[in-house]
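Each of the next two complexes has chain A plus one other chain: chain B in the first, chain C in the second.
The block that comes next holds the complex of A and B.
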């Protein structure tokens, strides 16, 4: 039926876009200044004879496959990529796949927590402010959300550190583990949660600001509609009118904005991870860029590409769930 | 038609509904749109009361305020039920919610008044479960909804479909089925047929009349279409700028028009027969602003019989016999020629 064919079409489209972006990415990184081989060999140059160094240089270049034609390099790279071989990290001197797991887990954990916090707070808050539109409560929340939305994350991070780690030292400010602790199981998980509190708090602030405003705007639009009056005229309870009739209709814009926000979260946490010294994807991306560690950078870039493309399809599917008028066709 | 021996269903006393106008300056005095500016009338059980007037004269507001969909500014709406007199304004929200079962509304716009996210079955059934007529998921409810749908001229296969899959006429029937499923006593039909084309209009009007006979309904029929209102109403009320200017049984209103505004309105009905042709009275100027209505009789700015008294004194709402009410200092006399 329409749905199956549509999804196949979308899949073909994704593959197509994926390859085009991969070519662009690869070209951009090749065009970047800096020699990854020199970066990888590092300080050895000063302690070796020039011709021995040259031999080692050539050998390393050969191993990394950098002495081939750029086009061949691309095909080798994309072929490896698709078979799950993400290349060799010149910085860590290990396979990318081995070093990328732990940071990815950390980043995803962090983002999931932030997401849950943001949704739990911003959706009810957005609804409540829309219902009490222009009241004192609404106006107060409006001011707070615009403040939260407009202050950059690193400033909020510094403020949070000042408040909860310096003035009232109840939370740690860096890492995800207490140094030297060898707790396991539940103890370890609790320790991690404790470390994550501040970063999650900071990440949530701007998310809450933005999403609350979107939910409020979408709800106000819907609450003006005639069918809300119909629902009231039916004699439904006010809760049913707001949560079932209004909120379900407000979901479409909310789905759009939250999808993009979720995709953005994975990239946006670079700042937070750097401030709180969390070994996550963002920090890794920056470090690798500094070190010209292209395998790692490209792998992560492609991760973001896949994330965005899949996010788009998921958004389309979510639309059909949310709104019966939307059909997946062409 | 005499109304004295009929039971009053709703008593409206000096009903006012003002909407605040948004201030443009900080220290400006708060001004109001006077959508309903003191309306008094009785609605009798089993009648169809037509309500006509230009757009923006407060007809729809009156219907909605009656049902307490807007918090009324002033006045009383007294609902007679089982010998009790209930002032709707003073009711707590939850009790009003329960009473909504009796007092229903059919909306003007069949496109925007149905929740796009719900199937026809859900739209009709929701009111039933929320008033405890049926339990959620009761198989008998489905049968009942089918019955209501059939009564309203909807095929039962439409049960699981969404509103956007229907035409305007079908949607209007869904709206009617939705309100009548609750077995109300009183229904406000707010321009219920205005959005439809003429052939569908007459179908819906006939449907409404049939259902009225079957279920002993009382209608408040709001429209700007005089031929529709003449066809369906027992009594007709004419509104101008938030006030009722004339109210009379249909025959009486057409034959013995008392208010100059009504006269002008009636003269605008197109006639087919050349012999029936009467002088067309054109109302000059626009309808004045309801924020700042004219002093005295609100109609004086456009009335061709206007005299000095009209600009100074507000005319009283008086019964001139035959259940004929009018608010005019100088009611027209004599039969129309």
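The block that comes next holds the complex of A and C.
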């Protein structure tokens, strides 16, 4: 089976999974207590005549499409979702699509920065420890990585705030903008970077811990292989052996774990966003749950689902790229 | 190379053990060189220093969380603002040695105490809620002080000329002493620093109050002012004892406090209040209590009736002096404040306040009992962090353990069936696993616990969290079990079992499972740490276990801002470090177990 057909098969499968999860989400959405119409109308009930309120109630219900049966509602909803109509936010009194742009940019930027930091540190570190296996350096890094992935992100966040915002106040504690600043262009970007430093640092720690260990384990497995001996016997330089011959072969397990980690990273950034009060998707999700603004909640949830499925697709593509042997029958 | 030499014999033991696993029992004479696989695992685990340290640390934390709550019981619903944000330490009852032996009067404040000696020198000790308390006026300014009283965060004192002084918290009008008291010349009979209020009584029976009376809303009934003998105050009410021996509440509202027993009216000689109840001593030495019986403050010991001379009240306890000069306490005994010690000398005076008592004997010696301090300080609601840490640990570990048990059971079932059956069943189950692991974990947990958790009780909510964690985290263990079953099912013993006619279910779970149980244990250990982390993250952002139940995660919720992180370090350092140490230990144990079970992985 060719790569193309394999990828198409995977893609169809992932679309299938998407629908399954979306049905699940919709079911949960329907199962929750409380009348969304009453919630949306708020407390105007007390200030209106009962029959006028009833009329408004029916009107709103119709506007939200709640007077149809559940199956129709699901298809209407998923159709809207796929065409970019994410519903109406009861909290902001605006279309969801209009309000999720900025938080999404913030979250994606935050996570991208964290990813870059993690890869820049953990891959060279993992390779270096694998090469110096069982040395003092390796042992020290091993202990540090266990500590790194064992401690929950919010504790690292508290420590980081204590160290870099309270004891040595060089970074801001919260937000993405200096309050009242109206800087533009480069100045604004720098201000944002400065605000993002601590969250990115905190998010990187557990990633560095986990990925370094995986890179190391994968590299050690590969370095034991006969073709490495052959490469060395040919008289290749050690650098070439490690970075070209060994590392490329170690990439497959690394790709797998990295994909899972990236998906987890977006989920985990909910905690970080709530600690550092970053106006991102996670904070929006929490706020919307508190306000019971379920159009936003569902949109967020679908975003995370799509993200995780995209991760799976990317993982499949990455497999075929890093390993030419992959034909992956099943 | 010495390294290789070291490894060589180990590998041979492993090989022999592996051989023994397959071949079965070997002749007796080789027994001493050989170890059973389990012995080998244990041996190798015991030699792993990191894993052993982890095991010891984890066991210590685990045992503390299981055993210590019996010795340090906790009322989860208890809150007390007067004890909020107290720093760790046990200095609250450290009476200065200069004062003991020469004490004139002592007074218990919220978390600190004050005292004056017979020469009018002021002493302060304990944990100070505000640094302003250290600005004690100089002796040249005050003259000889004769009376002192400590409140929530301020002190009131009177000198022999009847002048009143105050220091500590000066907001809410606490600093604006009435003019006639500031200038002196009155004979002050009693002073009291309360909760954001100060009270003073002159010999003429005239009462003054300044500060915030928002909580107390003092109203003087007709004819009381000018006829007051003694007063008592709690955070809820002020009551006075008139010169005619009547108890009068200074409030317009009826409550449990105002249900004063009729038989004491006109007959009362002393009066004391706790936060929830009141007590009065009659002239025949009997104690009468009324109010809400919270923490047993109404349960007067029968044997003291008829012998009581005077009484004093703390936050939830009373202390009485008997006619023979001994002290008896009853009521809340969480901090030992109701365990009055036996004193050889006669007690002249007792001051009970908040959670402690000071007794001054006739020779001026000071005896104290009650709250010494908090090992790990208190949080914003005045709850003891140490006690919450213990029950919180129990909660965090229980949630983690049950979640792991749920996920392991599902994972073993699905992985076992999938690996053994193969084909379509395998395909279906593994696709299911893929779907579950595609669900974004943390967002999904948050949504489920917030949507489903709203309409159920707190206990059901905790169970829900366990189930959510368990049901969402089985795919990992299912894949692992499936892989191991795939490898094992081609072994001879499976063929033998099949030939003997053992049912499929029996083959998977009775014959194959014991062979892969070690792998499962390792994975469950590592999953346990992950589940604890997830639970505490959820609780931290408020979607897991909620207040008043404690977990290590939600204890840190209040520590999210810079002020708390900087000023109240004990509120986050202790829960954070225990949680960190615990998860690091579990991960070390898991890693050590894996290395011990699979000697090949040690080479990684």
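Points worth noting:
Convention: the second predicted complex is superposed on the first by the 305 of 330 C-alpha atoms of A that agree within 3 Å, B and C clash if a C-alpha of one lies under 4 Å from a C-alpha of the other, contacts with A are read in each partner's own complex, and residues count from 1 in each chain.
Note that a contact is a pair of C-beta atoms (placed from the backbone, for glycine too) under 8 Å apart; a residue touches a chain by one contact, two chains touch by 3 or more.
Since the model is a prediction, treat every value here as computed from it, not as a measurement.
Once the two complexes are laid over each other on the shared chain, residue contacts for A:297 go to chain C alone; chain B is not touched.
The larger set of touched chain A residues comes from C, when the choice is between chain B and chain C.
Once chain A of one complex is fitted onto chain A of the other, the partner contacts of A:248 are limited to chain B, with no touch recorded for chain C.
Contacts of A:323 after superposition: chain B is touched, whereas chain C is not reached.
Touch criterion not met for A:119: it reaches neither chain B nor chain C.
In the superposition on chain A, A:21 contacts chain C only, with no contact to chain B. In the superposition on chain A, A:240 contacts chain B only, with no contact to chain C. By the document's definition of touching, of the two partners only chain B reaches A:229; chain C does not. Those residues of chain A that touch chain B in the complex are listed here as 225-227, 229-238, 240, 245, 248-249, 323-325.
If you check the complex, the residues on chain B that touch chain A are 64, 67, 69, 93, 97-101, 104-105, 107, 109, 112-117, 119, 126-127, 130-131, 162, 164, 175, 178-179, 182.
Chain C makes touch with chain A in their complex at residues 3, 50, 427, 431, 434-435, 438-444, 446-448, 450-452, 454-455, 529, 533, 536-537, 540-543, 553, 556, 559-562, 565-566, 569, 572, 576, 579-580, 583-584, 586-588, 591, 603-604.
Residues of chain A touching chain C in their complex: 13, 17, 20-21, 24, 28-29, 31-33, 134, 143, 146-147, 149-155, 158-159, 161-162, 165-166, 173, 216-217, 220-221, 263-264, 266-268, 270-271, 274-275, 282, 285-286, 289, 297, 300-301, 304-305, 307-309, 312, 330.
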